[in-house]
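Presented sequentially are two complexes of subunit A, the first with subunit B as partner and the second with subunit C.
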Partner chain A sequence: MSPALLRLLARSRSIDRRWIALATVLMLAAPLIWRIPLTMVPFPATVKLKTTIDAVPENKLIIVAVDWDSATKGECQPLTAAVIDYLLKNNKKFALFGFIPQGPELAQRLTEELARKYPGKTYGKDWVNWGYRPNVMNTLIAMMNDVPGTLKTDIRKNDLSKDPLTQMVPNLKEAGLLYHVSGTALFKSYLQFCAGVPLANAVTAVMGPEQYPYLQSGQTKGLLVGLGGAAQFEAVGDFKDETGAKGGEGYKGMGSQSLGHLLVMALIVLGNLGVWAQRRLDETTPPPDDEPSETPIDDQGEAA
Partner chain B sequence: MPQGASSTPYPPGLLQDWFATHVFCPLHGVAFVAAIIATVVAFVAILAGLQSLGSGARRRLTMACTFVAGLFYLLAFVLTPGNKASGTAVIGGKACAFRADITWDTAPDPTPQGPPVDDKDKPWQPPKPKTRTLKGAVELTPAEKVKGEPQPGVDILPIEGTQNADGTWDLKLAVDETPVALTRTGRSYALAWTGGSGTLTFRAGIPLNRVKGYEQPLGTFMIIMGGFTIFLGLINLVMLHGKVLLGARRGWHNSLAFFIGLVGMTVFGLWQLQLPALEAGQPVPLAHAGYKLFFDGLLKPLQSTTFALLGFFIVSAAYRAFRIRSTEAALMTIVAFVVMLGQVPMGQALTAWIPADGPFGWLRIETITNWLLTTPNTAATRGILFGSVTGGFALSLRVWLSLERGSYFGKEF
Partner chain C sequence: MTFSPASVDTMVMLVAVVSTLAILSVVYRENAFYRLFEHLFVGVATGFGIFVTWRDALSENFWQPLSHGSWYVIIPMLVSLLFYTVMIPKYAWMSRFLISILFGLGAGATFRGFATEVFPQVKSSFLSVVPRAATEAGAAVSTGQALNNIVFLGTLICVMVYFFFSFRHDNKIVTKTARTGRWLLMIAFGATFGSTVMARFSLLIDRIRFLLESGTAMGHWFR
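Let's turn to the complex of A and B:
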């Protein structure tokens, strides 16, 4: 390889971070403006979640535990929206609940927005929001015995012992499914204290690999990972957006995510090529005899 | 389960019913004020006592409290609740097995007479003691092996019962909806009904776990203690930022932002909680507007922005730090690229031309990704989990037995 090309490649290992940030912004923003038609293939874990939800009988309540906040909204909101939309579409009753203060509030707004797509879906009849509760361990232990007695009221201060939806689940073991969405390790608390409750979960992409042992052991009945998980669920659930195009919130982000992954891969390759080229240059070009080769020289011509 | 009833496999804690009736009951008027004053005095006295202790004595006290707390959770985990009953029965000359689950139940409230009364207007009633209840069945024939799933009422005799104060059981069972007469002799029951007879002998588990019942009240206590620690942290922050702000030191504007956030969130947060829920079209009161500004307008976007910065760091770090210097690193890079491509539609499109159901379907990138995640990744993650849990267990033992060195356990004893 010619020294000129090697030098060019060697320079590619020190691209200014501002160019990298600009490239990231462009690669992530462009597909949000110009939508790319894409097809998502669902993983078996996603199909399993849909099958599990479909198998929940009508007289059973599904609990959607929303342990996320604005920090992880980018991934957790589509993961929550995909399942809630599917529950509303298939007339499944559900309760929202969370151990992170913002979670139930954000999920309530999301549900109200999604419910507008399905005429007749109302709060109290189709879903209930139990709100935020502190102290994971004790609350879960108490809920295993008595849900309305532990939680007392919903977010609108209605008595849960008289709420028809909450009466469907006198204790957690009576729940049809508990679907947990989070960017935290809270799912482990559910695994620990909710023995006998059918569980499924969704996590941010960075936490995905940790969850697979629970999927294999059957402790989680279905798993969605990151924005891609939401898109996969939208694919398997045959979602359509307001324009009639395939998918929903997860699908919309897939163009950006695809280009983002490609950018990261390209940069890794480029960085390594640069290192390789520099090494070749160092090997082929002998150091000058009159000065030490490794000592950096500063702008004033003095050795640092 | 009937409304208002609660059921648990664990017996009530030792003296828990007595505490609930005699100590932790609502107080009113003078008694209420006196109780608050006594609590504050006791709290101050305990704090003063702790302050007067030397560091060695304080450390020993910490060690003792840690040991007792750990022992409590160990006993709550280890001691059996005695929630199973098992025995044998002879029905029509055939030997049968009897198995039952035992729970502790509170009887539901009787149907209220007259119009329903709001809970806050009801006079306080001490909690009702729980009754030990048994639910199980005698399987008449080994039906499962002979003809599949046994049929209740035909092949299975359901048995229910409650335990009396003297330890004996009142049992109820029926054959073909005909009540069975029971005659008890010690632990055995003679059964007699029209067209048949038999005997039943069983042993109920001993409810040894008399500490589990305290787990929930102690959890509430821990929430309150946690509240105090937040309060201590708050005092610390106020002192720190107060000094910076009053001294107009470098970065004083950050301290000002802290005080605005703290006061604004606290005032509007508590204020809006006191107001009824907003109806659609209703003018928004100041409390809700202020809360919305702080919570929706500041906290949420700031949180999202901070987390979004992570994306730029990940891209930059991948470019600068991901160096392929060995075979293992090369293998990891290839696997990472496959997994990254397999998770996104553009990557999946690369092998979409391979028929998924064909003999080479396994070469599709999403199939390889799924295999990588569910097989080698699962094995590795499980190994890491075993290691970290074992380490956690060892660390817990060291803390429990005060063998750990650190702020609370300065040296070994």
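Let's turn to the complex of A and C:
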């Protein structure tokens, strides 16, 4: 390979990070403007979640625990939206709840938006929002015995002991399913203190690999991982967006994800080629004769 | 002065667009605009947390019962205030009562939690490595599943051997098994790294989509 080409490749080791950032933004933005048709292949864990939701009887309430905030909204919102949309579409009743202050508020706004797609779906009849509660351990232990007595009121200050949806779950063990969405390790608390409650969960992609042992042991009845998990659920749930195209919020982001991953792979290859090229240049170019091999040090230990 | 809902929505969107651009500007370089919005974010999130904690927890569990004559709710509130004696050296010992109760509760809950979280996983790691038909004792195991189980058990043993630090790894079999365990861990870390890239991209995709949608909406307003 010619030295000029090697030098060019070697320069790839020091590309300004701002160029990389710009390339990333362009690669991620392009599929949002010009949609890339993608086929999602759902993982067995995604199919299992759908099967679990389908098997919940009509007289059982599904609890959607929304332990996320604006910091992980990019992933957790599509994961929440996919399941809530499916519950509304299939006439499943559900309650929103969370141990992170922003979670139930953001989920309420999202649910109101999704409910507009299905005429007749209203707050109090199809879903209830129990709001935020602090102190995970004590609240969960108390909810295992008495849900309305522990929570008392919903976000609109309605008495939960008179709420028809909350009456479907006198204690957590009576829940049809507890679906937990989070970018935190809070799911462990549910595993630890909600023995006997059917659990399923969705996590941000970074937490995905450590959730699989719970799936293998049957402690979680279904698992969605990151934006890809949301897109897969949209595929198995046969979602359509406002234009009639396949998928929803998760699907839209997956084109950008794919191009972004290609960019990362290309940059990794380029960086490695740069290191290889620099090594070749060092091997083939002799060091200049007049360059001192070592900086002389004087008696005081300082560089001369 | 009153604002129509549409103009409030417009203002909210503009604030969100400016905030997003301010936070993303750090990619170019650290700047005062970024730092201002970073502090704003922390402040707003804390303020919101305090408001929601009051509305959903303290108001209905403390203030409302107290204002309706349930004076006894003041007892746990006073006891919880003992935490703040930690700031007065002379009375700091009083806070230790609460801290010791919490330690005891935490230790008990952790023990119980460990049992309910980990024991099912220990149980589920007893897998058949031999294909078999369904019996009363258990479900059928196909050849594919048996192979999967062999990979699972091999990985489990290798990784566990890698984490045996209570003796020197000078036996050849132990050394090789531990080294295999280390390689398998590297594969797991690689999977986690790949997932991390996906997670970070998802957050950026959300913001880019928001900026594009806001841009389209604002384009309609100015037309």
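Here is the rule we use: the second predicted complex is superposed on the first by the 291 of 304 C-alpha atoms of A that agree within 3 Å, B and C clash if a C-alpha of one lies under 4 Å from a C-alpha of the other, contacts with A are read in each partner's own complex, and residues count from 1 in each chain.
In this text, contacts are C-beta pairs under 8 Å (C-beta built on N, C-alpha and C of every residue); 3 or more make two chains touch, one makes a residue touch a chain.
None of the values given here were measured: they were computed from a predicted structure.
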Message = Under the stated touch criterion, which partner chain does A:153 make contact with: subunit B (first), subunit C (second), both, or neither?
response = second
*asked:* Per the contact definition in the header, classify A:267: touching subunit B only (first), subunit C only (second), both, or neither.
replied: first
Item to complete: Please indicate which partner A:191 is in contact with in the superposed arrangement: first for subunit B, second for subunit C, both, or neither.
Response: second
Next on the checklist: Looking at A:226 after the superposition, I want to know if it touches subunit B, subunit C, both of them or none. Which is it: first, second, both, neither?
Outcome noted: both
With the two complexes superposed on chain A, say which partner A:131 touches: subunit B (first), subunit C (second), both, or neither. second
- [ ] Have a look at where A:55 lands relative to subunit B and subunit C in the superposition and call it first, second, both or neither.
- [x] neither
Q.
On the A-aligned overlay, A:5 touches which partner chain: subunit B = first, subunit C = second, or both, or neither?
A. neither
| message | Contacts for A:32 in the overlay, against subunit B (first) and subunit C (second): which applies, first, second, both or neither? | response | second
Partner chain in contact with A:245 - subunit B first, subunit C second, else both or neither: neither
Check: subunit A residues flagged as touching subunit B and also subunit C 17, 21, 24, 28, 69-70, 72-74, 102, 134, 137, 157, 205, 208-210, 213, 216, 225-226, 228, 257, 260-261, 264
As the complex stands, subunit A meets subunit B at residues 15, 17, 20-21, 24, 28, 38-41, 43-45, 69-74, 102, 134-135, 137-138, 141-142, 145-146, 149, 156-157, 159, 161, 167, 170-171, 205, 208-210, 212-213, 215-216, 225-226, 228, 231, 254, 257-265, 267-268, 270-272, 275
As the complex stands, subunit C meets subunit A at residues 27-28, 45, 48-49, 52-53, 55-57, 60-61, 105, 109, 112-114, 116-117, 120-121, 123-124, 188, 191-192, 195-199, 201-209, 212
As the complex stands, subunit B meets subunit A at residues 1, 3-4, 6-8, 119, 215-216, 219-220, 222-223, 277, 299-301, 303-304, 306-308, 311-312, 314-316, 318-320, 322-324, 333, 337, 340-341, 343-349, 352, 364, 366, 369-370, 373-374, 377-378, 381-382, 385
Per the touch rule above, subunit A residues touching subunit C in the complex are 17-18, 21, 24-25, 28-29, 32-33, 69-70, 72-75, 77, 101-102, 105, 131-134, 137, 152-153, 155, 157, 188-189, 191-193, 195, 204-210, 213-214, 216-219, 225-228, 252-253, 256-257, 260-261, 264
